[in-house]
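Take a look at these structures.
After this come two complexes, each holding chain A, first together with chain B and then together with chain C.
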Partner chain A sequence: MDISPARIWREKPFSYRLEVLECPKCKRRYVGNVEECPKCGAKLERKRLPRKGRVIAWTKVVQVPEFAEDFAPLYIGLIELEDGSRVVAKLVDVVEPSDGMEVEAVLRRVRVDGQTGLIEYALCFRPIL
Partner chain B sequence: MVGISGWGAYVPMYRVKGEDIAEHWGADPTTCHSLGVPEKSVAGPEEDSVTMAWEASQNAIARAQIDPSKIGMVFIGSESKPYAVKPSATILADALGIAPHTMAVDAEFACRAGSEGLRHALSMVDHGTVEAALIIGSDTAQGAPGDVLEYTAASGAAAFVVSKENVVAKLIDATTYVSDTPDFWRRDGSPYPRHGEGFTGEPAYFHHLVSAIKELMERNNITPNDVTYFVPHQPNARFPLKLAKMLKFPKEKVLPGLTTAKIGNTYNASAFMGMTRVLDIAKPGDIILMAPFGSGAGADAYLFEVTDRIEEVKELAPPTDAYLDRKIYIDYGMYLRFRNKIKKLVR
Partner chain C sequence: MVYVCGAKVYPVGRHYDKSVVDMALEVSGPLVRECGEPEAIVFATYLSPFQEDFDNHAQLFAEYLGTDAEVYTVASGDGSGGAAISLGEKLVKAGYKRVLVVGSDKTNDFHSKHAVEQLTTLIAPYERYYGTTYSSVHALAARLYMKRFNLSREELSQWAVVMHSNAIDVPHAQLRFPVKIEKVCSSNVISEPLRLLDAHPFSDGAAAVMLTSESSPVELRTASASSKLTVANRDLTFMDSTYKAMKKLGVDGVDAVEVHDAFSIAGLIALESLGLAERGKAIELLNERPKEINPSGGLKARGHPIGATGVYQVAEGFSAITEGLGRLGKVSSFLTHSTNLMGASTYLTYLKEV
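Right after this comes the complex of A and B.
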């Protein structure tokens, strides 16, 4: 099984809704299911990142892994969101990305496990409509 | 007062021209024009009925100005579910921030499943069982390579939030008419639907829609003069105009909602998509008659009255035209790849 049910279930808050865990004391952010800040021990708070941002850098991937063959070529972007957070995500609905391009998050298929396995959905970014 | 409080559409940006499809098969290049569908929308490789439903729903929720956790039912109608077993509605409920305290339904009734949801939602919200409901029609419609359906079977989604608060289109009345009619079907495990050719018209589409609409109009004592927009199911751009003529609705009341003429038939989103475009341009006091149809067969007819709130919320999400006008043309080969009709055999 190429797509682990446990992994996509665990990553859902971030991959579906851009939810992160933030430390109220030191402001460090985490993705996952930790309860306390590994650095200062404070109880982490759930926070949703903004859905809009701009492309800082991007790359095009032509030699893609098997689970992403249907989507080739892939465009991967480093995106600075409106609050200054940076995320790495797939860019979709683009012919040729450009630095500084304004983008927004949209839900898409990112991995498909053959003909019978799971389909992994996650937020990707596309040029603002 | 129960009704629609938010509406939203989504159409993928890819288009394939009917003439390209005809050229590939050596078929008559005028076929697509006689169907009134010169080109159709095609979902990209990373899209499916769930991802399209997600964006249409985002738009509907934005216009309804509702906290997603207040939605007590997510109902999606589709005949192109990504999974045969595993609900699309739970993916949407989670990704939209509606889960976990909600009902979640995947329904099948050819192109009318979403409309069955709308009838359920209007009733359940009216009776106070749930505060609000999200109803979606979404399809990456299948047409077998070489079949005439290939000219019209398109991709798109449309969604409505139903509630008693913030209503933009108040429900006046609704009717339904169903019968066992074998006009179009897809057997379990079969990738493409089949249809009864000419049998899809008179005994199926026209009979069911005329029956549901006549009952609605007689019961409410209205004539076509009382209706501002008529938005029926639109398998092609010809049937809705013929239906309008049979019921004496002038063409001008049908054309604003005839989105199939621009992007093809989006199946469960077909009449819904037309309705979203009409709501984009509607004025307070307008009366809308929407009539979805699904093979197998059944039709619904709804009468809505537009409220003053509509002007306040139109701009809260992209209009349907923003999706209809956004397009990149692909050739027939790319279309086959995007829609999983050809597979790489080298591994």
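Right after this comes the complex of A and C.
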């Protein structure tokens, strides 16, 4: 799969810093780079989500997409952060995850472009040391 | 009123010798000769652009069909087939006499690991760059559902057992052999807790349905709704869009139903979201009425040619009402349930004998 430098660049706020857009009026949240709340029109504010949380559910993925073969098996977790918001992310540095496990965000390599060698990084979650 | 005047299906399976357009023509040619020329064509497909490196199927299909009908491609992930039926209905309501809805798709032109990767395109970018797969989304749902409602691994396996026995008498189904609970429970893990026999097979296939405003033996009505695509922000144990669509449809009881069971767990959740079973109790319904739930064998055993599946379901409903389907036999009403990524959106079709 070709990795687009433009896409990595525009996705950085969330994938490197867990930044989401929040509407000050209606409190709706978006991940991306829009200016106004599509629902109510107020100017959106960037907000950084907490970097710690706990695992609500997890799965060990054995049948992985081709680009992730080097990482197989993958652990994908549904994580509830300290403020109650939820993210789906990769769990790293774990042997056997468990429900309720306390985790923290850590920047890791998630994909390497086979053609150009471009490396994509994103926040993953590891057990709190 | 919108009616179905005919339907054709191509056997679901591995068709290295047929392209997406070939399969679409094989089912549509006879259907057009039987029902008459359509004024519009709605073509559903999802994975074929990745599989065939070509993304103008509907246009080539129309050329080879030898028609000057207006043509549209509809995509709504793995719910594309249901979405096409829903739009076809609206075109007939808008005044067209005949609308051909055809779904055709492929997953087998490459090694299955490519299809696994191509199916991740259903998932929102910020959730998929880790390697989140179609199966892992269902696996998270299974974890949450099994914990919340105390469903055992053996109970979950019952879904595959019923689907396989339903498919045996369905000539176009892909997996026409029985399986035992022990075999499901010990098949290879795909994404814990889901195993190979919880999953849809990789399928190629095409189905076509002719919708019309002229009185025909089967009447059709649709209702659709959407909800959240992002996995983190929804209740994975329920399909909100299905619940909303069913409310819009306003139907109380049905003789049989085809639900979008890409994985066993999705089948159980679908039955509950449709209101056919109480939450956590779908397994009881499955055991009480096995022949009426996915009489074709569902995505699990009939197969899941991604963008075409929703059209297959409606074609099967038409067969069930006009001549009988598999071990279900003949019925007078039928509901089909097609969803985009496990309920991000839902397209329901209700078929009734006139």
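Note that the second predicted complex is superposed on the first by the 126 of 129 C-alpha atoms of A that agree within 3 Å, B and C clash if a C-alpha of one lies under 4 Å from a C-alpha of the other, contacts with A are read in each partner's own complex, and residues count from 1 in each chain.
By definition in this document, contacts are C-beta pairs under 8 Å (C-beta built on N, C-alpha and C of every residue); 3 or more make two chains touch, one makes a residue touch a chain.
Nothing here was measured: the structure is a model prediction, and the numbers come from that model.
Novice: Based on the superposition on chain A, does the combination of chain B and chain C result in a clash or a fit?
Specialist: fit
Novice: Let me test your reading of the model: by the given contact rule, A:124 touches which partner, first (chain B), second (chain C), both or neither?
Specialist: A:124: touches chain B and chain C.
Novice: Give one of first, second, both or neither to describe whether A:66 is in contact with chain B, with chain C, with both, or with none.
Specialist: both
Novice: So, does A:16 touch the first partner chain B, the second partner chain C, both, or neither?
Specialist: first
Novice: In the superposed arrangement, which partner chain does A:110 touch: chain B (first), chain C (second), both, or neither?
Specialist: both
Novice: Thinking of the overlay built on chain A, is A:95 touched by chain B (first), by chain C (second), by both, or by neither?
Specialist: A:95 sits against chain B, while chain C stays out of touch.
Novice: Counting residues of chain A in contact, which comes out ahead: chain B or chain C?
Specialist: C
Novice: Which partner does A:87 contact after superposing on A: first (chain B), second (chain C), both, neither?
Specialist: second
Novice: Applying the document's definition of touch, where does A:4 land relative to chain B and chain C: first, second, both, or neither?
Specialist: neither
Novice: Could you state the shortest Cα distance, in Å, between chain B and chain C after the structures are superposed?
Specialist: Between chain B and chain C, the minimum C-alpha distance equals 9 Å.
Novice: Give me the intersection of chain A's contacts with chain B and its contacts with chain C, in residue numbers.
Specialist: After superposing on chain A, chain A residues 66, 69, 71, 90, 110, 124 contact both chain B and chain C.
Novice: Inside the complex, what are the residues of chain A that reach chain B?
Specialist: 12, 16-17, 66, 69-71, 90, 92-93, 95, 106-110, 119, 121, 124, 129
Novice: Note which residues of chain C are touching chain A in the complex, please.
Specialist: Residues in contact with chain A: 113-114, 116-117, 120, 124-127, 129-133, 135-136, 139-140, 143-144, 147, 188-194, 230-233, 236.
Novice: Quick one: which bits of chain B touch chain A in the complex? Just the residue numbers, please.
Specialist: Per the touch definition, chain B meets chain A at residues 13, 44-48, 50-51, 54-55, 82-83, 91, 94-95, 97, 318, 322-323, 326, 328, 340, 344, 347.
Novice: Applying the document's contact rule, which stretches of chain A touch chain C when the two form their complex?
Specialist: These residues of chain A touch chain C: 1, 7, 11, 14-15, 31, 56-69, 71, 74, 76, 78, 86-90, 99, 110-111, 120, 122, 124.
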